[in-house]
Each structure stands twice: as C-alpha cells, then as structure tokens.
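Read from first to last, the chains carry the letters A, B, C, D and E; within each, the first residue is number 1.
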Amino acid sequence: MKWFKKVHHYLPPDFILERADDLCIRCKACVTQCSFDANFYDQKRNFIYTLQQNCVGCNRCVAYCPTEAIVVKNRPNPFREHSHWGAYYISGIKRRAYYGGTPVKSMGNDRPFPIYWDKLLLNASQVTNPSIDPLREPMELRTYIGRRPKYLKKGEALPPSIMLQTPIMIGAMSYGALSFNSVESIGRAVTMAGTFFNSGEGGLSRDHYKFSKHVIVQVASGRFGVHKEYLDIGSAIEIKIGQGAKPGIGGHLPGEKVSESISQARMIPKGTDALSPAPHHDIYSIEDLRQLIYALKEATRYSKPVIVKIAAVHNVAAIASGIARSGADAISIDGFKGGTGAAPEIIRNHVGIPIELALAAVDTRLRQEGIRNEVSIIASGGIRGSADAIKAIALGADAVYIGTAALITLGCTLCQQCHTGRCAWGITTQDPFLSKRVNPDIMSEHLYNLFNVWSLELKEIMGAMGVNSIESLRGNRLHLRGVGLSDRDLEILGVLPAGE
Amino acid sequence: MMIGDRNMRYIVIGNSVAGLSACETIRNNDKSADITVIADEPFFAYSRPLLSDYITGHVKIEDDRFHYRRDSFYDDLRIEKKFGKRARQIVAKSKKVLLDNSEAVEYDKCLIATGGVPFVPPNLKNSSVEGVHFFTNLTYALELEKALKKAKKIVVVGAGLIGAKLAEKLSLYGFDVSIVELTNKILGLALDGPSSSLVAAQMSKAGVNVITEDSVNEILGTTKCEGVVLASGKKIECDLTIMAIGVKPNTSVAKESGIAVNRGIAVSETMQTSVKDIYAAGDVVELHDTVFQMNHPIPVIPWAAVCGRIAGENMSGIYKSFNGGFPVNSISIGDISFVSMGYVETPDDCRQYINDKRIDEGIYRKVIVKDGIIKGAIFMGDIERAGMISAMIKDNTDVSAFAERIVENDFWWHSLDRTLREKLTRRA
Amino acid sequence: MKLVYIKEDACVECKLCELACYVEHSPTKDILDAYEMEIRPMPRCEVDVELPYSASIMCRHCIDAPCLTACQNGSIYKDERGAVIVNEKTCVGCWMCIMMCSYGVIKRDTRHGYFGISTKCDLCPERETPACVDSCPNGALLYDDRG
Amino acid sequence: MKTIDANKLYYKILNDQIHDAVDSGYRNIAINNVYGQYYIGDGLMQPVKIDINGIPGNDLGIFMDGPSIYVHGDAQDGIGNTMSGGKIVIDGNAGDVLGYSMRGGRIYVRGNVGYRTCIHMKSYKDDFPIVIIGGRTGEFAGEYMAGGVLVILDLFSEINTYDCNFIGAGMHGGIIIVRGKVNSDSLGREVKVTSLLQEDLLQIKEYLFEYCQELNINYNNVMKSRFTKIISATNRPYKNLYIDGFLH
Amino acid sequence: MFINVSNNLPRDISGCGISGFINTNGRRSSGRACVDSICMMRDRGNGLGAGFAVYGAYPEFRNYYAIHIIYQDNKAREETEEYLSTKLSIVQRGGIPTKKTKNIQSRPLFFVYFGKPRAQSDVAEIDEFREDQEDEFIVRLAMKINENIKGAYVISSGKNLGVFKGIGFPEDIAEMFMIDDYKGYCWIAHNRYPTNTPGWWGGAHPFSVLDWSVVHNGEISSYGINKRYLEMFKYNLNLKTDTEVISYLLDLLVRRHGLSLKEAALAFAPPFWTQIEKMNTDQKNKIEKIRRIYGSAMLNGPFAILVGFKGGLMGLSDRIKLRPLVVGQKGDTTYMASEESAIVGVVKELDRIWSPNAGEPVIAKLKPAVSARLFGKSNKTVRV
C-alpha cells in the first residue's frame, strides 16, 4: 500500500468501499474493472486493498464482484454538521483554494432543486368515455418533427420533416464525449425503434454514416466535423445555441479524449483540445440566426428540417418565438437538469431554468402568437421515464430528447466522471480498453427495449386517457393536474390543480 | 460397400496407431465392410510411449490408460482379429495376404501398417548374448521386465526419445544407469545445444551417467551381458544393455511383396503403395517432409494417425490427400517438458529467435524462420502454445510480422494480428 | 454444433469466465468451496490480455481435431455433442495434444500425481450453456451454432 | 301464447309484462311494435320463446340464460351482452358489440353486424358460446376473444376474400371461422390464419345446420364453400411485455 | 347561474341520443318527426339537456343573421342589446316564444335578433384567410358577448336557422319552445346526459356558430388540445362543454381554411397510419398532409356527431366507432340517429338503413337548385 494522503490538501473520500474478506476470493475482477485505480492486489499478502480516495462510487467493482463481497457506501458528512455550511460548500471551498481552479463536473445538476415532473399527475377515463386498450386497439405514437403550414393549401407539398415512430429521441451527445461503441449502440437502437439520435457537436464517424436515416446532425459553434457531406448525411440538422447543463458557455473536449478516430470525425489534429466557443461567431443577433438557418437550408437544398437548440433560460419564451420566426422548423429546448460531458460546476448547478416551466412558457407563448402549430418543439433535460415524457408532451412538446436515460441504459451509474475520460462503464471514454465495456450487440438491444417499453407505457397512459393518437395528447394540458404547486407555478404550467 | 453380393474386404496389417485409425475410418465410411486386422503381437493395441512407465510399474497391462482404444473396440467396430500371426507376403495378383502359418486371407484393399523395428548398428560385436534388449514393443518390454528383476547396472545405447526417457526412469527406479550417445548431445534430433544440456543436466540429477560423443562397440560377456566397450575404449560394467538407437521401417512384408521401398515404403499422397489396392501408413512409410523438403520416415504418433486415417478414407473410396508432415516431438524428462518440431538447429539460410532469459527455470524457446515461414521450433518448459507453431508450419503462415513475439513467454493469440486472430475464432 | 464464440471486442478482462469455469469443474460447484480447495480445478478458458486487446480463449472443438489424432492412448474423444473431450482418468500427460493444438488451448495439469493431465474445455456437459458464457457480463462469449 | 303490444311502452313496463307472462307460465310470448326498448330478456332463466316484431333496443338478452328470442327484423347494439345460455335469432342486421363477454348459448344473425362483435367472448367448462353471422362484421371482430366460436359466413357479398380491419385483435382463445379466404393484412397482431380441421367443422356443423334451418338458408350451399380458421397465436400474447417490478 | 343543482339522478352508463333529418328538396316540415325520434331514445338522456336546431326556420329573414341569445336576467339583456345596437343594424327583435310547462320550472330569457353587421372595421386586423367579412364579424360578436357580458350567451347566429335548447327532457323542451310550430328542411336534435360538464342552459346541444350546429354523443378526450388549437385562431371557448370545439373547428377548417367537409371529417377522425400506409400515393399524401397539419384538430375519444351546415347534414362517428350512428333513407329525406329504433319508429318503410363505418362521414346535401333558391347563386354553400 502506498502512502497517498496529502495532509494539507486533505479532502475526505466521498465513498467507503468495503470488501468482506471472508467472501473475497481474490479473483481480481474489481482490480481489472476499476478504471480509477481504487483497487489493488497485493501479491505478497494475497490481499486486495482499496485506495478509498480514488473511489468515484461508480459501482463497477460491485457489479463485477462474483461473491458480492464489495459494498460502496456514501461516506457520512466528514465535517462538523452545520445546517448552513454543508459538506458540498466546505469541500467546494477547499477544492478551489487548494487547486486554484474551478471544478468541472459532468452529468446533470445534482442539487436539490424542485422537480416539477413529480408535481404533475396524469388523467384517466372513467365512465364518461372509454379508456382504450393499447395492446389490442390501435394506438398511434407517430410524430413528425418539422414545419407545418398554417392551413391546408392545395397542391403544396409539406415542408421537409422527420418521422418518428415514437416521440422519444436521443439527444445530442457527441462522439468524443461518448465512446464509439456507445454511439454505435445508440445508432442501432434508434434504427430499430424508428426514431433518431443527435450526433452532437463532434461530427460523425464515417463508420456511423450507416445511420444516416436516423441521425440528426448538429452544428455547434466549434463546427467540428461540419462539412457538406456531414450535412447531407443527416436526416435533420440542429443548430446548437446552448445546452441546458451549461447555458452560455461552449464545450471542451480535452485533448486526451481526442483519439485518432475522434480526430477524423472532428477534423482536428489528434490530441488537441476541442474547444467550442461560447457563441457562434456568426450569430450575434437573431437575424444572424436566420442567416445560418437559411445557409444550411441552401446547402441541403431545402431537403431537411433545421432545428435550433437552446438552453432553457429566463426569457426562453421570447427567444423561442424569435427562433420560430427565423425559419427554424423545430425548436429544441434543453432544461437545466440536462446532462453534460464536462461543465464548470458553478454553471451546471446554478444556470438555467427547469424544462417543465420553459416548455410550458414556450408553448403558451407560441400559441398566443398563433404560430405553435407551425413549428415542432423538442423538450429535453432530465426526462427520467415515460411519465416525464408524457407530461412533457401534454405540456406541449412534440417529442423529447433523452440523454442520461440512454446512458443509464448503457450502464451509467451517474458517477459524474465523464470529464475524466476514464468512464469505468466504457460509455464516455476514448480508452480502447474501457470502451469495449459497452457491447453494442447487447446495449443496442437494451436501448431498443427502453424505447419499446416507454412507448408501451406511453400507449398505456394514452389508452387510460382515452386517446389513441399522440396528437390528441400533445399540448393537452387538461390531462395534467398539479399537486403542491403555487398558483403562479400552475399558471405558468397552464394546468389546473388536482381536484379542479 | 458391396462387391457383387459380398462385402468389401479390408485387411490391415499392423495393430497400432496407423492401422487402427484406418480401421475406424473405414468402418465409419463403410458399415458393412469386413475388416481384418493381422498382427504379430498377440496383444490389444497399446500405447507404446507408456512402455517405460510399464517398466517402472506406473502402468499395468490391464490399465485403461495403457490401451490405445477401449477394450470393446474390436467388437464395436466388428473387426476380425488375427493376432499373433505374421503377415509374410501380399500376393497382389490374387489379392491375398499370406500368413506365416500358410493361411491365406483374401482382400479387396490392404493396408500395411507394420511400424518400425529397432535399429541395431551393424558393427556392434557380440550383440547376441543374453542381456541385450530392445524396447520398441510390449514383447520386448515384457522380456526386459523379466531381465530387470536380476539386473542392477544398465547401459542404454542411444539417447533418443526412447532411450533418454527410459534411462531417466530406470535411474529414478533405482538402477545404476549409463546412457551412451554417439553425437555430441542427447536427444540430438529433437533439441539444440542449450536445451539438450538442460535435459542432460536433468538426467544427471536423476543419477544417469550421461556419455556423449561415444558409442558401444562391443558387448562383453560370453552368454550373458557383463558390460560394454565403448569406442573411446572405456568399459562400463552392466547387467543389461538396452539398444535404443532408433527404429527403422518394418518393410519386410512390402519387400516380400514387390512393393517399392526406399527408406520406408514409398506411398502416394493417398497412401497407396506402388501396388494398386495396397496402402501403407505409419512408421513404415516414408513421408514428405515439408520442412526438410525430402521424403523420409517420420515415426511419430500424430502423423501415423493422420496417415492411417487418410489411408482408410482412400481405401473406402473417399479421396483425401496427405499434404506432408515434419518431425514433431513432445516429451517430458523429469520435470521438464518440451516440444520441438522441424529444424532444431538453425540452418544458415534461416533466422532464429531465441528466448533464454529464464533458461535457469527450465524455460527456453527458439523459433527458426525462413522467408517468414517457420521451419522449426523448440519450446521447453512452457509448452502450452507450441501447437500454434505446428499449425503455422503446417499452414505456411507468414510470421514475419510477429516472429520475435513467438519466443516471448506469453506468446498467444494477442501476438497475432487481428485477421489471424479472427481466423482462429472460427471453428476448424 | 454449438460452440463458444469469442468476441474480443467485448471482452473486458474481468476473468469471471475463468472463475466460472473452475467453479463449474469443482465438486460442489460452490464458488467459495472451489476457492478454498487445496488444488483448485484449472480453468479451461483463459483470458489472453494485451490491452486493449483481451479475449477469453478456449477449445474450438475442431471438426477434425489434431489433438484427438495425436493422442497416444485414445484419451481424447468426441462426445455425442461433437465436443472434443479429454478423458482425464486415462490421460498420461504426454502433451502430444498440446503439440498439435493449433490454438494453444490445452493446458497441463501436473498437480495430481505421477501422470500429468491435459485439461481443456469440455463445453460443460452438465449445463445447457457453458459456465463461461453464462458468466460473461459483457457478451464477449456467445454459445452459438454457426455450423 | 301471450301477445304484448309494446307500442310506446317504456322499457320497464314492457319488461315487467314479459316477466309477469313468464311467471304465469307462458312459454310463448310475442311482442309487437317494439321500438328500441332496452333489456328485453334481461336475466330471464326460463326456456321461453319470445318473438319480437319491430326493433328491440340495446342489451337484448343481456345476462339471459335459457330463452329463445326471435327478432323479426333488425336489432341494435349490445345484443347477447354477457349472456350465459339460450338463443337469439335475428332475421336482419344487428349493431355494435354483439355477444360482448358472452359465455354460452347461440346468436344467429342473418345479415351484417357492427363493430366489436363477440368482444371478449369466452367459454368455460361446458359453456361454449356460438355466434353465426350471415353477412359481414364491422372492425375488431373477435376482439379480446377468449373462447367459443364466431362464424362469419359473408353470404351476401361478391368479394371472395374477407377484409375487415383488426380481426381478433388481442384474441387469446376460441376460434373465428370465416367462409372463404381472409386478407391477412386485416388481422390483428395476435392471431394467425390456419386451415379448418375436420374436427372444427364437426364442432359447429350442428349449429350451422340449426342456423340455416332457423333462417331458411340453404345449408348445402353454405357448406360447399371453403372455410378459413383464425386462432390466437398464443394464449398469453403479452407475456413478455410485462415484467415483475422487483426483478433484479 | 344556470347550473341545475338538483342533479341527483342515478347515473346509468348510457350517453346522449342524437337524431336529425334533412329533406334534400328543401321541403320544410314540422319538427314532430324529430321530436318523436329523439324522444324514443329517452334513456340516452337524463333530463339535463335537450335541444333542436331548425334549418329553414326563418324564411322571411333568410338574408339576416338570426341571433338567438339566452339571458340570465334583464340586466344582461339590456347590456347586450346596448352592445348589439352598436354593432348590428337590427331589423327585428323579440322574445322567442315559449310556453309554460310542468316539468320546467325555472328558465332564462330567450331572445332572437335579426340583423346585419353595422360596420366591419373591427375585423380588418384578423383578416388573414379568405373569409367572409360578415361571417367573421358575427363569430367575433358572439364570442365577445359570451366572454364579456355576464349572463348572456349567444346560442345560435346563422341565417335562417334557430337553435332551441335548455335543461329538460326533449319532450319538455319541445313543448316549451312549441317546436311543432316551426318548420324546417333540416332538423337536428339532442337528448343530453351530461357527465363532466355542468348541466346548464348554455351547455345543452346543439352548439351553433354561424350556420354550423352540432349535436354530439360522447366525449372529446382531446378537448384540451382542440381548445388550445382554436385559441390560436382567436376562438374563445367559454361554454364549458367539449362539443363546443366541434362547431368552432368546423368554422375554422371549412369556412376559414377552405377545407371541404370531407377533409374536415378526415381531420376529425383520420384513418390509422397503418391504414394510410396501404393507400395509393395520392390518397396517402392527402391524408398525411391533413393529419400532420391538423393533428391538433383531431377529435379523439368516443363520439358520434350530427352536423347541420349551410346546405346539408353530416353524420360522423369516431375513428374506432365507440359511439353508434345509424342512417336511414326514404325518398328525398335522409335520417340519422343514435339508434335504429329512433328512425324506424318514426318513418315506415325506409328505402335503406345502415350503420356507417368508423370515421366515415355521411353527408346529405340540398340539391343544387334548392340550394341556389335558398342561398342565392352567389352565396356559396359548403364544399363537401
């Protein structure tokens, strides 16, 4: 065992990894599986010991221990209990002071902000109208994302759109943030499920061009891997203005993650940092957005819808209205609970607003302006289950993007280490040994199952509500009721309180 | 298969690896055939390498592990046994095999799998006294077993695979054993210098008096062996002399029958001899050696079995060809196991890769490569992955990309490139 | 016939296959019992590692098995499934099979007495799916019939 | 023989009269001028014969177990709802949801019927419902069907292939027999088409004969045709869609 | 205000009854057949609402909008009339004749006004579709009264058409309004069984705006989104009943967006995607377009509706036919009702009687000559 404790810099470990010696059979699976070097085998003593400091609580070793000898526990607050100065703040200060930098973290905001999904309840039919059995009677989830004309005009073709068999898509997670196998699993799953995934801002590996019919390609401020062929490959194009987890700042893929293959996809030299500027430097105002939208439409000869993705911020409704009027075919709104591969903790935890409120506000605003029917809205940022998706649709979304939920399917345990590139589950790493841990053959099936089961659940709930097509649920806030919400919240959400 | 209204008649002369492999193959292809096995020894088929373990009492005649096939083998395969009978001549014209008891057996197809006979140096004097023994079959072993009861000192002539192993075992068993080898190293055909020394040391440790670069010129004693005189003039007292210089093909039947014989019976790639419907396989034939690029007998079990099977296929009407072999050896002396194949000493036109970093632990590796193709290898100590080399020799695999890695101690699939690995994952 | 196919791209080097193998070939098939055995059964599969490559390797059960041909006393045979099996009761450890195995998947076990034993995958005759396949957490081993 | 004039009678009064007649021992009842009165025959257990002239209202023969009802004309929705036994013969067309959850007895219809015919019809022990439709059915015929036999004769159309969306959606028991071929596109997800076996035919022959006699249809002509059988592919069609919520 | 608080009747699973007929030669007849028909389906209602729409009720004022308004009290009437006088030039006004009936104790005030828009300046701002300025004016007017004047509700506003509705069984409502005294070429009637909406006078069917009037059996589970969709087009929905959306959707889709009635029916009850996939390309394109543009106008949930429109009558049931609809024909008259008995009971020896398929609109239209006579050649009728 090595001496590792840095007394002056001491921050107590976050986790306690306990190994029951009477169960440990020294198989060393925990050692091979730990990508954070927390488990070591001491040959001389025939003993496996743990560097607690290194444990990130990813539970990879727990999952792989054949005798269940390992337990990873949260370490109780090591500091003096203080109702104002919680451990989060104390260790936050220490970290900043000792290391002289602002902490970067990954995945979504983990602070205990209210979750509006959990304060919304769904409706069901009783007597006055029959609930519909979703398994036997037809139940339609087909959704189109794209612009709709205001009214039917004879002889005029519909603007381009993408057709989803289920209103759930996988949101932007770039190849670079994600491993090759993760993207491969996602691509195969959405192909099977008849829906789409978003390439994220990192371009697309040529090996993934096969998913052309099911990929939305993203154009972000870094323009990584953006070229004519890339635009042509996508079924739709998304301009990323902002991301829910880090509104107002650009992306940062550390050079360590820029492998040979990533460098090809992003078209940057291997090993260099991939930095996305905070804004698009050709968009300093709304009319510039229009210019970019139409540049993309021109480039692709008006053959595919252009989506504009923004983070949910305070005046999101007005921004969305501007976007709708700038020629975007769909608006994607990412709430502050959305995930990230790396973001300064201060931004991730404190900037932006909940998607529930943002979505409601945008839908309401676009309706007030009479243009809601002409654009599609995609909501994202913390959709945890089909119920959240249904509530989002009832609040007014055409479809939802899921990110973290997809990663959890791939094995993610939310240890929030994506930014280190050492993902023990092989999801957010470019280490070829670690990325093998995602087996696309298995994971694409699991993801496909998730799509299928969520779709089934969507159908179950729609059936209970007595509607057999998703468009009758979309924006139908009468199927929602709020519990424990203030009048003002209810007003913004546009829902009645339960009982009314 | 039927000929007119009767079954095909197959005769196999020889009751060991090649002969029985042929029988199994014939029976598999032709359920109705009449198969007869003729053998001079009156025993079931047994494992010849185990004879030395028999001598030391680690294996008994009735042990399953001594039997080459399970006891019900002949009945299960409906094989007629003519054991204890020597086939004298094959009359190809009348398709008959004549036995030495003047019995004649008719055949449609005949296989000669008579194996080898011990080689005796022609200039050895006084070799007919009592106490001079051979050790190539059970009959000899039984004789030796009897003789050992009264013996104490033994000289083994020839440090080849049989001799060396026997000498080591007998020494451990309590005999005073000397081994005399003509060349400068023991197991000369199977090992190179460093590996041979390792084995020699191992044998010395076991108490064997190892004498190289010398040979036995004369047996001392009038009726009974009392010692040997070496070419160097040295005399060694002994009760028994065991001749283990090597074997040569047992070609007497072939010769009697007018079948072409070179160093062994000459056969085509289908194992057919110069005479139609007469096949030969096993130690008795000369095989094409793909490494040495010549035809010569390669008296080892794997090739005997392969050739027996190929002969059986062709005899029962299915074309199969033998694509050549090369010498392969696997043996354990004391704690050391080794496997060698092809060249053991590096010819001038070849490159060699050697890993002797752990030779003190008895671990040694050498690979001989010519134009990217492996031509020979010695694995000593860790032999587990040696078979991959024999396969590479067989398949003419180009190893230039990873030749150096072969001699690494952890050589395995990871040492190969991905395409080769993928080939391995498929079923052969 | 069904065979364990190896997907190196999915192997994560946890070696649970080796563990499962020796447990399966232990008398009680209990993981702790097996661990505590004085002479633990030898795993018949082995994870070959050279990161990032790793793969669990075991017998390919060749149709025309050179090891079977090479065996000096008939200790290797094919069972009714087509699996190539070593009769460990009669094996004498001559290592002829090892010498001829193209895959390097036969191991020597010299811990049991005078005769060594060649140890190799037997496709777990008592199980529907071999233990290594069942234990692989990442689908790197597939029990499949590809002819 | 008791004759009741139902003209402008509220259903409750009409049904009272029917029950009175049955209780006083009448075994033959004729009801004239029926215009949409609900629940005729509701819960009747006696083997009475009821002739209806006019158009009976919804839930005709609901919970009935014994009577034979003859409707001389069309009938409305919900006929034979949860019926246990007896017979309903309709010499005309009928509406939606005929034979809902029917557990026994027979319903014979000369003409067409509406949507969801025989929805959740089931058989239990000796109870074995038979429904024979002379014409065509609306969509979702045999939906949820769990037992019994639904025969669709399609006697009046020119088209040889029967086409009706969502036949047998969610069906998990019983059989649907269709005269002629069936367009497989129109089947629900859970059913498959197989050929009619001799024993299937034997099972229903007697009833088909009775049907033809009751409605004066040429039995031999009907039997000349080929029949197609529709059965559920499995009796647990959704087994894999639901998992134990506590699975590890 | 109009809410009937004594609604303690046992709740049976039933639903509303609807009935209607049209004479395609424009022959006007009394409402007797319609009243009889709806009354035959007594058990489809519970006395909490009934109503009639009569097309051809006011031939003498056929060029004027006939605006039926119910008032809670005279204060509401005065306020409304003051407002009306600024907006309409009214040629005739008066109370709608009623008679005292035993079963209906309390009732609001019923008034009818015949008039034309006085000025059209208000509508300029919303003129984004090719629409009739006067019609649009009237729709806005009705909305404004409903929204802004407490206790006043416009219940019909078309030409030559009147809606008579209230709380009670159909026979009581018919008696109260002396329905027998009206004559029309097209009648629709409703027998109500309110469930999730209050049983109040304004909530009784038919729902009518301009020449649209709708009676409905069932519930619109998509109401929430239909309402929000309509609100984008400045419809204010304040009658507290889901059926309201149907008349406005018809007004939006057909009058303002220029869809044909059949296209509107496709928007309301479209075929399933699986069925659309099997169609030929033209049909597929057309329906896909309608589904995608008018997804928010889809009426989801069980319904059967009768729609009276300018020049005809349409019956439609939902896409999986969860509510019944029967159509009968005799000569130049087409009958539609929830139950076959409700047609057979009033008309003997029909030529034909059938149940239309799910989502299949049945449209009976006045013959062109009749239409021209009634509406004038220039006055467009609804495209079918």
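We take it that a contact is a pair of C-beta atoms (placed from the backbone, for glycine too) under 8 Å apart; a residue touches a chain by one contact, two chains touch by 3 or more.
None of these values were measured; they are calculated from a predicted model.
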Given chain C and chain E, the chains that contact each of them: A
Lowest number of touching-chain links that must be crossed from chain A to chain D: 1
Chain at maximum distance from chain E, centres defined as averaged CA atoms: B
Chains most often in contact, by C-beta pairs: B-C
Most distant chain from chain D by Cα centroid: B
Chain whose Cα centroid lies nearest the overall Cα centroid: A
Centre-of-Cα separation between chain C and chain A, whole angstrom: 43
Computed distance of Cα centres, chain E from chain D, in Å: 36
Inter-centroid spacing, chain B versus chain A (mean Cα positions, whole Å): 68
Approximate Å spacing (C-alpha centroids) for the pair chain B, chain E: 104
Junction residues of chain E - those touching two or more other chains: 320
Residue numbers of chain A (touch at least two other chains): 137-138
Sequence positions of chain B contacting 2 or more other chains: none
Chains touching one another, given as label pairs in label order: A-C, A-D, A-E, B-C, D-E
Contacting residues of chain A [partner chain C, same complex]: 23, 25-29, 32-33, 63-64, 66-67, 426, 431-433, 436-437, 439, 441-442
Chain E residues touching chain D - in the complex, by the definition given at the top: 40-43, 275, 278, 320-321, 324, 326, 339-342, 344-345, 353-355, 357-358
In the complex with chain B, residue positions of chain C that touch it: 3, 5-6, 8, 48-50, 53-55, 57, 60-64, 66-67, 69-75, 89-104, 106-108, 114-116, 146
Of chain E, residues touching chain A in the complex: 11, 13, 129, 195-196, 218-219, 221-225, 227-229, 231-234, 253, 256-259, 263, 272-274, 288-296, 298, 300-302, 319-320, 322
Partner chain A, residues of chain C touching it in the complex: 7, 9-16, 19-20, 31-32, 35, 51-52, 54, 135, 137-140
